[in-house]
């Protein structure tokens, strides 16, 4: 495990982009999974002008690693909608290069990735509760591959799902899908970003090195190529 | 995780040797850790004539991953004594290439390995109880690096230690040292061998994919390059 | 460049097999190219019982790197006929795993390999004149990719082609196809075997390190992962 | 070979920096060689603020690949003086991380690099005449390792040496040292940058794929992981 302590959110974004760009510059096809959410926005803002319409990145294939449906809708779910807005659309990434995980194909996600040669790189965020992807405390086990998490998985899952669709009850789904801890551990290189005071506690736990299913992201600290990039606020308790 | 089901103990030994030899044929230095015990004896028997006095394996550096002292003795402990007998002596491996872990230096083992560029490969056995290296159920946590395990770690540890020194009470140590689960997970390529009926239960658990500290080896199933090689008896419950 | 000096032809065969088997034991798909001819026969004889009907090698995809047509015949050419006899048939390799290069598709060979993720490994032989694959002195340039070599490429090419089809004039083709020096250099790991007194001269040249188009194989000595395995007779002039 | 056509010198500099930074972000030690001269100045200008005083790059070890002595002086030569000014000093790189090649140790350069585990990455420039490092047409052979080039190597070498020391005759040395083509080919990943109209001709030759000792850099096009980054002017003849 490598810990990179940056002095600011902007530096965290730049180092995150350095990792992503390094992973994208390969002779042959490279498969990378990227995270949605608020944390990576700054990373993508750094990357968009460097990636947009650059045909030398045609070797890059993108994957999302979780998805939450909008109830009653057939199109993209919450994650892909967010990734489209944050990165895929502004960076003008060809749809042919985006391998969408959703509720129709999650059962074959791990198998399809293996057929594609495995994932080479993933950019992850982490929750204050230690969740990564859709692996929330209480919902998934370390040994899980890609799976479905239902609204009764934890006492507050209904609220989580409601929050994910912006509080609109009619759009609230009763499940989501996510690559599991074991799926993510199969990836060759893992990079996680964390910023802000709210993440100082989880960052401390990750660095201290206890590994427990109660804090799912702690598993990743055992991976042979795991890097955690934090800003000064997230590093405050180190 | 890759599972290799072989038809016989001899085939398991040969495939184990294929992995080891493949890891040893590199342009530059390669660092490998190997296991003592009864399981790997057949693998080493395959390898000894192929390795002995072959200067084209001078690039290989060897590491042991646990050690149990003989009480009152200063020389090699149980593990190195066994490895010397099974492999290092009959294969005539230069002492300069063997990086001994013992009770005098275990606190810097992970740091020294990192300075050497990390371990590239490890050959592991597994106990019927799911232990690997000296990581027995109840003694170590997934997040542990190399550490010391004392005689009061579990109720039956005194018996375990007595057994390791051949039942000779005067030689029974009150502790041992071992690379921890997190240390082993840092290695680039993990290969585990298991044979015989007594291992069928643990093999089943490993393949089923539950990951729990109660069965320490289950953590290894999340590693991005983990191979389990079993004979027909060990595969009986798959 | 790594030079492995073995004491006998049998040891050369075994070390060649060690390299091949090491390259075949991977978590995901691996792409390997293998050589026809008399030199590798002993390597394949070592490998066949270890590979035949072993489903744990289903991840291996095979490629041939040159081909000589039998004039007037539509089936396999000289190289594939030889590989079928020496290895593919006795090892019972599925035809789905064999990616045939021939006169109908050589113009897209490099492109197809790139789409498959590149070749990971090649086992090569070498001629007393320094040729490898179909890259004979005078026929190909270091910068060539897969190409066609015609009967007028060199003064004795007609004789070479006649010899390749067993001296039967009616079967003599007027060209062959081969991956070029640049194609082979793109492969991640190169292993070359050479045995017998007749190869002592070329082995000396390879080890001395002069690189010249007059001795095509000398280019390979500049590759970052090139290993030359020789027996005692081929090493006689070192 | 991968060719990256950028729209401007600034974009070439940024992509060059992306490659370097990608190569520097590793879990363990990484060994990189970098080029002096005018071409890389913009790359280093991008990198300096990203690298200066960042302890997360303590894993990076730097190497120079050629050196020209100032006659009668014992200190740094032309290359190191230039690298100090362009990058090592403004980026505040610790001297402990800089492995200097000069006239006192060039004979063991290849051996020392091998002992350090090999070079992982090199950033190269290219001359209009196709030279790279100190490998000028007529001075070195493809098969050369690190060697010394004397003032009588080519008819205009005296002028070249004079030019390198700023035209000051008293400082003109009668030789220089350089890693050879074969030394550079041993590096895992090669990246070359070229910008400006004066480089359009050599870029065309590199892309066309002829490999000839008369244009030394053409050898690099056969390397399995070679990337050429050019700006619009250097790409004008493609």
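By letter and in written order, the chains are A, B, C and D; residue numbering begins at 1 in each of them.
In the analysis below, a contact is a pair of C-beta atoms (placed from the backbone, for glycine too) under 8 Å apart; a residue touches a chain by one contact, two chains touch by 3 or more.
Every value quoted in this text rests on a predicted model; they were computed, and no experiment measured them.
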Larger contact count among A-D and B-D belongs to A-D
Interface sides of chain B and chain C: same vs different residues, half threshold = same
Chain centres from averaged Cα atoms put chain A and chain B apart, in whole Å, by 34
Chain A-chain D separation of Cα centroids, rounded to whole Å = 38
How big is the gap, in whole Å, between where the Cα atoms of chain B centre and where those of chain D centre?
-> 44
Touching at least 2 other chains, the residues of chain C are 27, 118, 224
Touch-based graph of the chains, sorted into line, ring, star, complete or other = complete
Complex contacts: residues of chain C adjacent to chain D | 118, 141-143, 145, 181-182, 185-188, 209-212, 218-219, 221-224
Where on chain A is chain C touching in the complex?
-> 27-29, 114, 117-118
Within the complex, which stretch of chain C touches chain B?
-> 2, 4-5, 14-15, 18-19, 21-23, 25, 27, 50, 56, 224-225, 227
